[in-house]
Amino acid sequence: MGIHRFFTSLTDLERIIRCPGRFKFEEHNVAAHSWKVSQYAMFFGTLEEMEGATVDWKSLYEKTINHDFAEVFIGDIKTPVKHASPELKQMISHVEEKMMEKFIIHEIPEEFQEIFFDRMKEGKDSTLEGLLLEFADKLDLFYEAFSELKRGNTDKEFVSMYEEALTKLLKIPLPTCVKYFKNVILADVVSEKTPIDITTLTQDVLSEA
Amino acid sequence: MGIHRFFTSLTDLERIIRCPGRFKFEEHNVAAHSWKVSQYAMFFGTLEEMEGATVDWKSLYEKTINHDFAEVFIGDIKTPVKHASPELKQMISHVEEKMMEKFIIHEIPEEFQEIFFDRMKEGKDSTLEGLLLEFADKLDLFYEAFSELKRGNTDKEFVSMYEEALTKLLKIPLPTCVKYFKNVILADVVSEKTPIDITTLTQDVLSEA
Amino acid sequence: MGIHRFFTSLTDLERIIRCPGRFKFEEHNVAAHSWKVSQYAMFFGTLEEMEGATVDWKSLYEKTINHDFAEVFIGDIKTPVKHASPELKQMISHVEEKMMEKFIIHEIPEEFQEIFFDRMKEGKDSTLEGLLLEFADKLDLFYEAFSELKRGNTDKEFVSMYEEALTKLLKIPLPTCVKYFKNVILADVVSEKTPIDITTLTQDVLSEA
Amino acid sequence: MGIHRFFTSLTDLERIIRCPGRFKFEEHNVAAHSWKVSQYAMFFGTLEEMEGATVDWKSLYEKTINHDFAEVFIGDIKTPVKHASPELKQMISHVEEKMMEKFIIHEIPEEFQEIFFDRMKEGKDSTLEGLLLEFADKLDLFYEAFSELKRGNTDKEFVSMYEEALTKLLKIPLPTCVKYFKNVILADVVSEKTPIDITTLTQDVLSEA
Amino acid sequence: MGIHRFFTSLTDLERIIRCPGRFKFEEHNVAAHSWKVSQYAMFFGTLEEMEGATVDWKSLYEKTINHDFAEVFIGDIKTPVKHASPELKQMISHVEEKMMEKFIIHEIPEEFQEIFFDRMKEGKDSTLEGLLLEFADKLDLFYEAFSELKRGNTDKEFVSMYEEALTKLLKIPLPTCVKYFKNVILADVVSEKTPIDITTLTQDVLSEA
Amino acid sequence: MGIHRFFTSLTDLERIIRCPGRFKFEEHNVAAHSWKVSQYAMFFGTLEEMEGATVDWKSLYEKTINHDFAEVFIGDIKTPVKHASPELKQMISHVEEKMMEKFIIHEIPEEFQEIFFDRMKEGKDSTLEGLLLEFADKLDLFYEAFSELKRGNTDKEFVSMYEEALTKLLKIPLPTCVKYFKNVILADVVSEKTPIDITTLTQDVLSEA
């Protein structure tokens, strides 16, 4: 049914809840997550530009708003599964690609297919925009974990999620972004009142990084 | 943490919603689904027994209450994904097995491990109990689809789900159950008021079976 | 309408929320509760068997999956009401029985009525299976209360519920189960991080038992 | 804890859902229901006054806002239970009274106890205000059923609820109210677009009244 | 469509959530809020009467049950907006009045229009009943903020809401009510277990009042 | 608290529900809406480009992801209010601007303020990108109304919303987009099964345009 079907499929992502199966004080859907990722990317792209980098904004925004579209087909598979085996991770990526391919060929009018193939491919490459996407995506995971900890969620999954997201953020090869995040944002994060000792938890990760 | 951790993991299945991403008038979680499947199995096992079969009730009930426990690890992957490729389906089964294995070895005290391995393995085998599990599981899918159609859900996914569940039910090699389902239950189903023409939809499947 | 109506009534139990009227961070329905009770029973039945007892597994599983079916008729009456007067408690049991009787006679085909009467009768008798049901049912109440306390619910109803469930669990005449629960499971429970001092609360109950 | 505890108990009624166990497109809590009942009573009291009756407004409003307070203790027992036996209905009323009594004696400061006893007693007596409460309470049930039918809920429970509420409304000995309801309000109700044939359903009840 | 349309519009207030946009452990709708306000007013009106005041009960109850009806038209505008500028606050009041006027003229039968104009006008005037409405309305805000703090909501918006509601309550020129609230109710409030230090927070407001 | 506070405020938009107070089968939040608008804009911008227009993609994406950020301050005011009076509409815009200004000055570090002022200003200007934002924003309203009609929501508000969104879409001076929407997308829309006669409803609007 063409573009109409593409448009109505967008709403499916409002029904896919992130981190299925875990207790959360607040749930987030994949559509809203994608929007927040594009907002973070807007900020960090600006920061990079202010420090002299050249940002391909069209590419950056398209990467962020499209980066989880494939979850329309496959849902939000539990993170531990994704990391259970490298083969599975690769297999899942492959299936997502195949289902995306099938969707584009069946639903998208021919004149738009090339553009859709280009936009919907995996965005986390080694370009500046790919790295900014990676940074923004991990930052949202960091914030999701932080706000659960702040509300008093003591399930160890969210402590691990906070540690892992933080660890990965610090390793992304975007020195300007990492520095700003570490010096400015993280300082504000640890100054918030939380039932858990967020300062120590954060310091532990920083000292291991 | 042993059995305590096994017990608390049960609650995770209350948070895994079936058919993620689709619009539904009513959502169902995997824990409640497992309970309904054990109820259907209780009835159809009784029917088989009345017709002379010998039912291993312990096995039947354990198969039904345990059959979706692996979703604790992997979530409810969207059905189309499961059917996207035979390799993926096999790969997913393999990962589920591996994660279950890891869970049992890490969390279950040694003296119970053998029993857990036995209980948590794939239940849909060719025994009478395995077939009854298959029948009861498909019946719940049938009822989930039917109740969406009855409430006026016109999304074609639920029409397909109804047709597929019905088609598969009719093919399960349990003649007594299939006959009762077809002659008694289905007669009541199609007599319900529905916005969609459920009688014709059902007849179409029956005539193709 | 026969078995079809029985099957559709199962879904009603997914809509009956336990502990109505109280603030809870997480709600549980009666269908999912029934499934968890059957899981606990599976474990403690196994434990009894390993210690030499003979378990009638068919009976045990049927008791657990059916034990709250009568809430289809009457809902989850607030616990304080049940304990408000012995006459009321008896009266309510009587009404549940009468409504069950009426349901079976009107909805269940004649050939299955005897089996349904047998399965749907009150399961908490003095048999090993009746005691295991009682144990598993209280254990779920215990876990419901514990997880609210763990999430920071300071309403005194949940502190009382925790104390009462624990007190009753310890008194059930199943020494093997009680011992395992006390020595193994409870040790893990009190080692979890909770805003309330769960160790002292638990010790107070243990010392009074 | 006195009046503070009375005030915090009010919130419990926001968590008690009417008609537990049934599928509904929209849920209503007892607190919001009580407010709507007071609004209906305001209108029909005005109507009675315009036709020459003398309304004790203080009594009318107190009856409406307090009429379901006892559900704090007992929850919303499923309607069929209430009607299952006259003894049970009486027994339940008796228990509600006893629990209310206990609550007032334990929680309400002595100087207010008499007033609370007076206000919290069963309000549906034969005074004009008692009848207006009965009328307003049934009208809300009528509207709850109507709006489910309008949204396409075809479960027969809501058809019965609509018929019963309508039948009872027409029999309440408040000729002015009944006439206005029948001639003015019902005319608007049946003119709404509904998937079910609401006009015929309504006419059937009217012709039997 | 007359009174029928007025009655169905009442349900809109069940769908308007108070304090939109903020994280809350528990949400409250405007209909339930209106009911709680009428309950508080019943108590404090009684208190005033016991101390010798003359309460116009009809007026008091009508003020409380009608005081937020205008949110049917305008929704629950975020509080900071209302206070952003005195002109805006006045402009919003003006619009609410105009929409109410339009609604009454179009929907309410002529014979009831005068009564509706009278009842739906702004109720917070300088009469005893107007002050009691103001007191009861702020008390509900106080309780909403308190119960979030009690559940562990550390967002500073709820700390501010608690402080502001308390500050305003203490300033309302109803000495009997303020005294009872301060000496009796507040003593019970601060004796509850809360993750935040509610006693100090409360003392700080009291010492500034 | 700087950028950290900006980032956490994004989550507020996940809690602001569109069309407050109306009955909906499915709710949508402002964050997810913003994402869908950016997706529609991506498509229609591509279409314009294919027909020879020059699209400033950076501007287009920033307009779409930021266009409802001001609802953080003011919430989703009910649409009828916005249209109640031109003065109010202007006043509300003015207040939004003032609150945004205050937010930027207080929360955003000085070096980013100019960029934020530029990005957060009203985006619906007469540029191609401003018109594409207007088109995409109305299209989401159109789809929200359509999906309610499709699910059987017969409330006249959604019929009006469908008609108005369609009427406005057809008038936006983007002939390429309007033509594609009318000839391709609308053809698919009216071919869907809906309880309401969507074809006639749509034709009526088209014939008046």
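A few remarks follow.
Note that the chains take the letters A, B, C, D, E and F in the order they are written out, and that residue 1 is the start of every chain.
Following the convention adopted for this analysis, a residue touches a chain if its C-beta (ideal position, glycine included) is under 8 Å from a C-beta of that chain, and two chains touch if they have at least 3 such contacts.
The shown structure was predicted, so the numbers you read here are calculated from the model rather than taken from an experiment.
Taken together, subunit C and subunit F share the touching chains A, B, D, E. In this structure, the chain pairs A-C and A-F differ in their number of contacting C-beta pairs, and the larger number is found at A-F.
Chain centres were defined as the mean of their Cα atoms; on that basis the chain farthest from subunit A turns out to be D. Its interface matching that of C-E in over half of the contact pairs by residue number, A-E stands out among A-B, A-F or A-E. For this pair, subunit E with subunit F, the centres built from the Cα atoms lie 33 Å apart.
Averaged C-alpha coordinates put the centre of subunit B at 50 Å from the centre of subunit E.
With centres set at the average Cα position, the gap from subunit D to subunit E is 24 Å. For subunit A, residues touching at least two other chains, in rising order: 11, 13, 23, 25-26, 152, 195. Taken as a graph of touching chains, this assembly fits none of the simple shapes: it is neither a line, a ring, a star nor a complete graph. Under the contact rule defined at the top, the touching pairs of chains are A-B, A-C, A-E, A-F, B-C, B-D, B-F, C-D, C-E, D-E, D-F, E-F. Of all residues in subunit A, only 11-13, 15-17, 20-23, 71-78, 80-81, 84-85, 87-88, 91-92, 95, 98-99 touch subunit B in the complex they form. Contact residues of subunit C toward subunit E in the complex are 23, 25, 152-154, 195. Those residues of subunit B that touch subunit C in the complex are listed here as 1-8, 10-11, 13-14, 26, 28-29, 31-32, 34-36, 38-40, 42-43, 46, 50, 57-58, 61-62, 65, 109, 111-112, 115, 119, 139, 143, 147, 184-185, 188-189, 191. Looking at the complex, you find that subunit E touches subunit C at residues 25-26, 150-152, 192-195.
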